[in-house]
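Pasting in a structure now, in structure tokens, and then I'll have a few things to ask.
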Amino acid sequence: MKVGFIGLGNMGQAISGRILDGGFDLIVYNRTRSKAEELEQKGAKVADSIAEACAGRDVVFTMLSDDTALNTVVDGGLLETLPEGAIHVPMGTHSVAALLELKERHDAAGHRFVAAPVLGRPDAAAAGQLGIVPGGDQQAIAELEGLWQAIGRRTFDAGSNPAGAAAVKLANNMVLGCAIEAMAEAFALTRKFDVEPAVFNEVMTDGLFAAPAYKVYGGIIANESYENVGFSVKLGFKDSNLVMAAGQAANVPLPSLNVYRDTLLEAFAHDEADLDWAVMGRVRARAGGLD
Amino acid sequence: MKVGFIGLGNMGQAISGRILDGGFDLIVYNRTRSKAEELEQKGAKVADSIAEACAGRDVVFTMLSDDTALNTVVDGGLLETLPEGAIHVPMGTHSVAALLELKERHDAAGHRFVAAPVLGRPDAAAAGQLGIVPGGDQQAIAELEGLWQAIGRRTFDAGSNPAGAAAVKLANNMVLGCAIEAMAEAFALTRKFDVEPAVFNEVMTDGLFAAPAYKVYGGIIANESYENVGFSVKLGFKDSNLVMAAGQAANVPLPSLNVYRDTLLEAFAHDEADLDWAVMGRVRARAGGLD
Amino acid sequence: MKVGFIGLGNMGQAISGRILDGGFDLIVYNRTRSKAEELEQKGAKVADSIAEACAGRDVVFTMLSDDTALNTVVDGGLLETLPEGAIHVPMGTHSVAALLELKERHDAAGHRFVAAPVLGRPDAAAAGQLGIVPGGDQQAIAELEGLWQAIGRRTFDAGSNPAGAAAVKLANNMVLGCAIEAMAEAFALTRKFDVEPAVFNEVMTDGLFAAPAYKVYGGIIANESYENVGFSVKLGFKDSNLVMAAGQAANVPLPSLNVYRDTLLEAFAHDEADLDWAVMGRVRARAGGLD
Amino acid sequence: MKVGFIGLGNMGQAISGRILDGGFDLIVYNRTRSKAEELEQKGAKVADSIAEACAGRDVVFTMLSDDTALNTVVDGGLLETLPEGAIHVPMGTHSVAALLELKERHDAAGHRFVAAPVLGRPDAAAAGQLGIVPGGDQQAIAELEGLWQAIGRRTFDAGSNPAGAAAVKLANNMVLGCAIEAMAEAFALTRKFDVEPAVFNEVMTDGLFAAPAYKVYGGIIANESYENVGFSVKLGFKDSNLVMAAGQAANVPLPSLNVYRDTLLEAFAHDEADLDWAVMGRVRARAGGLD
């Protein structure tokens, strides 16, 4: 299977590496060519244009930062050059609207389309430990089985609607945002009754919430180590807008989303946009008169 | 150490059994005497009155369903009969206000006071697997070490404010309510994009949220098995009011709490108050036009 | 018609004065007797006890600050002494639960019961300009027609459920709280785009919102004159809890109420509880990074 | 002063008519030329292109339905053709971001820029009764004094930031949305206690809320006459998104906005998007188990 890969940020590089390790014929493209060097040394071809990365390929993956970047690539050669019947697999976190529009354009061009957002960070990607959530053309998803196995640890079938794959990714992000907001409120409340944050954190993560989401973010809030940024307020807010747009597209009120989105906005208003989004803990403490 | 135990519901019976197994001199009391029979056979003395369960005891535990029941016991003989220097340990889920008021009354009476809510269900209690969150007189907490070990798996020191112990328990419950609400919204959103609930549930509980709270409640929402009641809307709502009262006492806004509390109220309005509180999933689905 | 009146705060004195001016036989009672002096000089009898104010009366009005004060009066002689068939008319702002419970007790005692909260401040009361919202025994409401005319400007029939009268008063207060919150958010938003608060206030009150609620509170927020207290955060919060309890009793989610209640709570947390409740304007400005 | 006017919907036609009546030299343009006929008969010139409507004009007003339409006109000849020093006055309801971007483009082109949203409906516009909120170049605003007088009843100076004018309009809309939501909740609450909606409506609009916003929308909710559409859910939701975007641009959390926006979204989910946005009353009643 001939594979193209466009977008070599940290995630893109890691996933491309896995594809290469899987023995696939791979050509990569990145606007800034230097990011392709390591892959080139490992055996990847490097395209000089989007078109070159798409021509004659059975499947082209894109891993781009947002809808604008995705559409720029699509309009900059992908749509025009991808062979009939070939598959485009956007792996980034995109809006449901952008994916649905893109599906229509690919349908019209005779392409197949599978959205496949991933769960996990670059280090998980490099280790082949990503979760992959493909949604779209079911036949295409089946044909890509070897690639899913090369890339990740497990796939979750989101069904035949590519927007469903995005919704799964976004909803999962939303559940995390809600959990951080809840923790932020809980720490503020218990602090007011003289409870050591570390103690509340232990109670919480000892039982019901013995999971990474709570261990990681509970720890950050307990330690107020917001400067050590894993995922920033800015990125969290950007994602919250994608969730909100999905809720709008589907006519689903998401009141918990509103709550943490407002907390993030309040962080923006207090020059905390570049801190870890766990800084919701500080926003909530401040609302309660702490600090 | 001479121990009294008042309130022999499922939790009270299980904890009393642990105390007895730990070799302590135990006298128990319950308004309905029949609930004491099993313990009596195992060697517990059974008191005919609250006063009898408190007289000459070093420590008296109460495990009562709410503030009203607690105050009824306190006024019905406990406060009057408990020896000077003895310790009262309420283990139920109570309001911070009730505990703070009770602490003052015990202080005035020369008693010591330790609130010690527990984490876990009756089966965990019977197996000695509870988490215990004692808060209050630090010397008393230390003296009770043998009892904590007999009763539970682990203690978490909430500090010297008994209201802090209640706040920890309530905040932990709140975090759970928020998680269920978030799941409810997430399932409604993904369903609208044709995603199988079971698939979203797998994604969610595979990684970030691989913890009992999500596995249990995600499963219930995915299966819509709300009739199989582990914890009802009514009980969840009752607890949400205690959390709200704690927020009020501490001047801490809790916007996420408001969200799930309203969802529970909407369940009441649709004759779903006796279902499992995971029925928030149905309320949110309905808001999104599903069902 | 023989009238008793219990509770001579500012409102009680003003309303009693109107009843006296209406030519009714009036006996008044207040815990602090000195507040009855002015009325005594105008011709009112002054009772030395609650019982004396109720004995032989056709109707007894109470104007008390909260449920506790009301129940203290009821238990302190009113229930026992009021003649069979006589009418008790609580005019204060009370919870629906307290009124419903009280109705049952009066029913059992053979009394008639009409809740009649009023709309307006003491100066309006003194001028006979109150709005009155009677709810309860319809026959009794009709018999009291002369008194309604003496007291107020207009009556609004809340129906035969006394809790309905309370709900009308509370809902009206809630609509006001929501309006202040909305203004608070709107001023914060427009200030961020360099708009003079006075200008936004003029736009708002020029057309759609040319009503006292907006003129009064828009003016306070525009001028940030929160120290000039017409109605404090504390009182607003107390009322918000009554609204919340009504929503709970009726199983009606009130998400807008939650929003302004939390804003008031945030004011408490910042030592603003004694300021005018329009200080929501400052809380919202602060959330937006202003000040 | 030579005036151009682009966009002849109901509002555009009415405002153009006022300008013509004011004796100004007016050329109008609309994509569908037929809408210009009435104005032509009254003496307006009719342009065949955007460019023709802008060439040689001192000021060009646009009254367009949204940002997309506005940018289409700007890119379709306005920016290119408007003389140096001339003024562009968008009067529609636009996002702050679109206006700020447009201001930059006009600055670069040597134009002056004044955003001037209006308050009032087409019938008010035809009667010269609009409120006008100009914001931007203060010198330009002063030069346009004669036009403001021809068009409206009153101007409110939003300051030198054109986004401020949009913020005023949007914030005023938001205050209205919040008021409708509050009424919706209040009617649901009082109905649950057997209060006639018409009675609550009278109480509300008799005093504090004796203003058009409450009289109009209170009446609709009391009568449940949602099919008689003055302003639809769709339009209300569209505006709510503009308010949300303004809050995002300014980093101001707007929790009350979230509440009514979600209520509108719930209306969408129940096939009520084409009803009057007062149908929030029905959504809230449904949440409370009514209907």
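Per-chain numbering from 1; labels A, B, C and D assigned in written order.
Please note the rule applied: contacts are C-beta pairs under 8 Å (C-beta built on N, C-alpha and C of every residue); 3 or more make two chains touch, one makes a residue touch a chain.
Please read these numbers as outputs of a predicted model, since none were measured by experiment.
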Which listed pair, A-B, C-D or B-C, duplicates the contacts of A-D in over half of its pairs: B-C
Turn needed to bring chain C onto chain D - CA fit, degrees, nearest 5: 180
Centre distance in Å when chain B and chain C are each reduced to the mean of their C-alpha atoms: 37
For chain B paired with chain D, centre-to-centre distance based on mean C-alpha positions, whole Å: 53
Numbers and ranges of chain B residues touching at least 2 other chains: 247, 251-255, 259, 262, 266, 268-269, 287-289
Contact graph of the chains (line, ring, star, complete, other): complete
In the complex, chain A residues that touch chain C: 255, 266, 268-271, 287-289
Touching residues (chain side chain B, partner chain C) in the complex: 241, 247-248, 251-255, 258-259, 262-263, 265-266, 268-269
Chain D residues touching chain C - in the complex, by the definition given at the top: 96, 119-120, 131, 133, 135, 154, 156-161, 163-164, 166-168, 170-172, 174-176, 178-179, 181-183, 185-190, 192-196, 199-200, 202-204, 206-214, 243, 246-247, 250-257, 259-260, 262, 284, 287-289
